[in-house]
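So that we are looking at the same thing, I have put the structure below in structure tokens.
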Amino acid sequence: MSPTPADRPLGVALIGYAFMGRAHSQAWRTVGAAFDVAEIARRVIVGRDEEAVAEAARRLDWDEHATDWREVITREDIDIVDIAAPGFLHAEIAIAALEAGKHVLCEKPLANDTAEAEAMVAAASAATTRGQIAALGFTYRRVPALALARQFVESGKLGTIRQAKAAYLQDWLVDEDAGMSWRLRKETAGSGALGDIGSHAIDQIQHLTGQRATAVRGRLATVVPRRPGPDGPEDVTVDDAAWATLELDGGALASVEVSRMAAGAKNRLTIELFGSKGALRFDLESPNELWFLDATRPVAEQGFTRVLVTEPEHPYLEAWWPQGHVLGWENAFSNQARDLLVAIRERDDSPGAAASFSPDFADGLALQRVLEAVIASDAADGATVTV
Amino acid sequence: MSPTPADRPLGVALIGYAFMGRAHSQAWRTVGAAFDVAEIARRVIVGRDEEAVAEAARRLDWDEHATDWREVITREDIDIVDIAAPGFLHAEIAIAALEAGKHVLCEKPLANDTAEAEAMVAAASAATTRGQIAALGFTYRRVPALALARQFVESGKLGTIRQAKAAYLQDWLVDEDAGMSWRLRKETAGSGALGDIGSHAIDQIQHLTGQRATAVRGRLATVVPRRPGPDGPEDVTVDDAAWATLELDGGALASVEVSRMAAGAKNRLTIELFGSKGALRFDLESPNELWFLDATRPVAEQGFTRVLVTEPEHPYLEAWWPQGHVLGWENAFSNQARDLLVAIRERDDSPGAAASFSPDFADGLALQRVLEAVIASDAADGATVTV
Amino acid sequence: MSPTPADRPLGVALIGYAFMGRAHSQAWRTVGAAFDVAEIARRVIVGRDEEAVAEAARRLDWDEHATDWREVITREDIDIVDIAAPGFLHAEIAIAALEAGKHVLCEKPLANDTAEAEAMVAAASAATTRGQIAALGFTYRRVPALALARQFVESGKLGTIRQAKAAYLQDWLVDEDAGMSWRLRKETAGSGALGDIGSHAIDQIQHLTGQRATAVRGRLATVVPRRPGPDGPEDVTVDDAAWATLELDGGALASVEVSRMAAGAKNRLTIELFGSKGALRFDLESPNELWFLDATRPVAEQGFTRVLVTEPEHPYLEAWWPQGHVLGWENAFSNQARDLLVAIRERDDSPGAAASFSPDFADGLALQRVLEAVIASDAADGATVTV
Amino acid sequence: MSPTPADRPLGVALIGYAFMGRAHSQAWRTVGAAFDVAEIARRVIVGRDEEAVAEAARRLDWDEHATDWREVITREDIDIVDIAAPGFLHAEIAIAALEAGKHVLCEKPLANDTAEAEAMVAAASAATTRGQIAALGFTYRRVPALALARQFVESGKLGTIRQAKAAYLQDWLVDEDAGMSWRLRKETAGSGALGDIGSHAIDQIQHLTGQRATAVRGRLATVVPRRPGPDGPEDVTVDDAAWATLELDGGALASVEVSRMAAGAKNRLTIELFGSKGALRFDLESPNELWFLDATRPVAEQGFTRVLVTEPEHPYLEAWWPQGHVLGWENAFSNQARDLLVAIRERDDSPGAAASFSPDFADGLALQRVLEAVIASDAADGATVTV
């Protein structure tokens, strides 16, 4: 069975219309203009609030709207189910969509807990054998500068990577009078800064180095432990800052730091890799730049080179604008949609081939286990926890 | 007469489907998702090569394609004519579209010579009295950091501006064996680096300072005077680098430098403003940053502040993504489309009001005269030429 | 008793003539030119190798040289003993010099182990009651930008500091064939990257925040465990990278990372402080810059300000060059010498006052205990260790 | 005749004890510690105000002071006369010292007018044939990053240089109520921003490119034309901003811009060179960095490399501190003193050889002529003036 129709565009259903729904919509509206990919049709956007989702369908340019994702995912004219709903819904929707024979793109995090994630991996595994793609949306992997970083590592430009250093700092909780929200309660958010943004940092470390964390030590903190709620002060029940060190299976050691109270850090995901032959630096607040140190150059010329990642030779860039015309945050979502469509086409062309979209659900589960090991380490007063 | 229909979306026709056509298409596809503006319909894209424009219509998501702009601009269902065709066609199309009662957005440069530009201004003037908008596409004015710069100047944060310094450097002619092209021949390109990119630098100087050039001194150069053509070496007949100093009517002095041989400069439009109370710096290769020096702060704290222009408080940003999620080059085109739609709405709401889109055709003509004064100065061995 | 003579310059003896001896010599040669301080005489430089120290005396412009520090420290014409000898000699020399009634400036680290450090503190305590100064040379506290950072924190510009982040990265061990040296053997070096450069990072965190570490978690690593020795491969017996998190007594949490294998990092001590009202950043590779974020400014103007710390309003700068004329690494040693001379003068003017030079030996001991807690934590598999 | 004694240190006399006198003193105190050069003796510092110069001698560590330079320059024990006095005294002192058989180091500018400069060149020419050195103090040539830049150009790393761009911006006249001073009156200062700081910019352009200006166009401005004087408002009679374009004899074109009203620019001498194979950037506010673009590298890795010029492989650095330990503004003066001493030694070793210190007086005269051509061009309404 092939989920891809021969005679019509690929039909896309988008579940979710908030921040992530807007970003994914922009990608589906744009991917065909930028890239030479299979034609798609933006069939339906799904949300629980009918009035709001109807307005979203109009503004974000979807053919229809719907309020029941269960009906949508079984529609004949839907081939791709794109899940941009809150994390606690991921497992149920993704498993159902995969069982209905659809390709699935699921926003990160994969799921709110390991049990759910394991069920999703099982469903994805079965679907993959049927020719479906189950893709996980760690979109930053498709930021061209980070894709270039991965190319540099893969081609050996850094030599053996020995040390990695990632931080994801934000500042939206600097004000200690900033009130409680669902993101600060464990029962609704699942986890705090570690799960929300630390997951990106750890995914990048593993992805860029090509190494997996095998053991971790972690520390979580809730630096501002009480915040004003609707009925008076309330306990913040998730971490607002976290630190970890990771042992990677290729021999490197990595550090991770995250915070929601880092004044002046707007969306500062910084990554540094140090190898035997070179080093790399990246900052998501300047996402079109990759800083590369080639330690094999003559010493008198050595230093970090600011590569402005806007050349046709750079990943994804040939599809966009001429050199020097930078991309924004949103373009990575189009790059991701492109890669999903390419993966579907390649799968159709070689039905027996393995799923080619990375990261997949198994990567999401593996990452979940790293996060849980960090939490377990903190609970064990910092002891090393094997992943 | 109002060109705006009450009962249907505003119909847009786009003339041109190459680089600029793609950028404008992305804007029309996106503007309604990002901003709360009048609904538009992407009716038709126009180009001379039927096969190519048909493919463009499909990829860029226009309802139809056409090869004859004359038929298109008189269609009842077209309200906005967006001209992204080569410069030598601007005058003819824009004048016809304005006479047909349409709103017009015309890419820069306004025209290839002053006579054309004057005719366009006359047509725009007449159209404006009929309630139409004639807008000129110096899109960089809608880069949020530059729009913020203008706000800072207007609100007096820089005090009296005394000095401005702009450069627009590119490197696509560094290789002296890079071959001839239509851009390097005067008869096809009209002008060289000065007209192509110097126009942006001068527009920004005038726009940001709020001052107009009254007299200039200029120098043009063709640093690599011969390049390989299809039939052997050929003379480059336009400038590949240029310099000018401008006297502005508010008392400031400005310098401009442009080059197509500046190795490592990809699209480096840099602007610096120096006032009695502060200073600003901008670089188009890092377009989400505005550097602001507040000379009224205590000396021990003074310095250039890197403002990451991604806050809801910044121009256009509320419509886009959360803080720290940067925009790309293309987003300025959506901002421009938004401003055009707002101008149309405001005009409809107050039929007698003056056109509110800046820059307009008269601005384009004024800029043309500055460019010609620079050329005239160079021809007069650097003598001061009054604009 | 006052160790300061009324009728002649303060006599200085310098113990050590290698890298640190050269830096201290430059300071003693320069301090009187830059600052309005008591006159000093560079009486004698001391080293074990007579020929080498004689040459050093000549080049570094000392009146005499000597090979026996014991004789030197009791000389009548010596008032200040400046110890720039290897760490394992600090305790013996410093205690003897203090007992001989001299002011002492001791290079960091205070001592190689806690027992020595405690004895030094006891000697310093006794000496202080006699009017002597016992100063510890964490010279980076006298880098003007870091001194300014301390002023900003003290004056409340950052509000409550909640998070600090320091890293000290170097790259001289990137090459895994770089051979063994005394710095890589525990018996000669005492400790590795943690003690050598991590000590600076932790001193800055405590000094700048004004908070002391009360509990730590640490991790040490020897990433390249064997290196070529004179008789074949040898075990590296100290850490070449380390990580720690510190709980500070003011409620902040701090992270520290150090490495000797960070390709491209030449002497990169970076420090970031995040408070409720602002933030600071510093990088020792650009030591004349302090980056300050004032979170109380209007949001549209907020961002990190690059303060070029060269104004007369900045610490130490009035004594140096006009604005914009930057200082180098060595100038901090002159600033340190100046502060020592000022402390001596203040002590002479108010004989009963407490020692006013910071850091003193007790600070050095406290820092030693933090380092040992980090090591103990690592030995206990990352468990929290109280300082 | 050799001016260099065999049996005693080279005796130095310094004329001037203000800002430049302090900087030169620091160099003479330091050069022997940093470099392996001939021994020198700081014999005498000269100034007209006896009390002040006596105090300077004490603080800056000179053996003696004197008030009459005429007596000093003929002393037997003086070999080098270092002229750090105001510009209008340069000619008289330098010529006399050269005639007295001394080596001379003269601060820039060489002289206040061309006639003086020509006389100095004549005296230097005669002295050179007698084995003396007549050196001109454009000290920035000895900033290691700029010396490295020159090496890069010489070794062909930039290919053919086609364009250069220099600016020297300061902000000490931003405040329009800043009062009159001798620097703002033509009769005392000789010239304004062009001569004071533009001379550095033009010297660097010519030195780094290895090309001489043959024709110029210039513009001078006095943006704030009146300033408060002791007896009411007074006319500013020198330029406070200037612009020029230079045609260089190697085919390159260069632009220069200077200003004393550039808010936020403390001492911002920026230089950019663009060649057929690469580019360079430098900023005196970050003087330890050289930014290098190698256009021959693979496009995907290209970009400006920040070379931290602190390696032993870099010019002058082996004499200073380990890598990553940056130099300050003052160190260039020690580098200059070192080069002077080396030139003297080389001359002594090869008596017939040509003077090896660059720049020499002839370079200073040539530069003077470029400055005067810029002024003449402005007076001729911007017309090209041949140098």
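Observations
Each chain carries a letter (A, B, C and D) given by its place in the written order, and its residues are counted from 1.
The rule is short, and it goes like this: a contact is a pair of C-beta atoms (placed from the backbone, for glycine too) under 8 Å apart; a residue touches a chain by one contact, two chains touch by 3 or more.
Just so it is clear, the model here is predicted, and its values are computed rather than measured.
Touch-path distance (fewest steps) from subunit A to subunit C is 1.
Among the other chains, B has the CA centre that is most remote from the centre of subunit C.
Mean C-alpha positions place subunit C and subunit D at a centre distance of 36 Å.
Centre-to-centre separation between subunit B and subunit D, using Cα means, comes to 43 Å. Each chain gets a centre from the mean of its Cα atoms; for subunit B and subunit C, those two points are 55 Å apart.
Shared interface positions of subunit C, defined as residues touching 2 or more other chains, are 265, 302-304, 308. Chain contact summary for the complex, subunit A toward subunit C: residues 162-163, 165, 167, 169, 171, 174-176, 217, 219, 221, 223-224, 241, 243, 245, 251, 253, 255, 257, 259, 261-265, 272, 274-279, 293, 295, 302-304, 377, 381-384.
Interface of subunit A with subunit B (complex): residues 19, 22-23, 25-26, 29-30, 32-33, 59-61, 170, 172, 265-268, 284-288, 308, 310, 321-331. Only residues 148, 151, 292, 294, 298-308, 311, 313-314 of subunit A touch subunit D when the two sit together in their complex.
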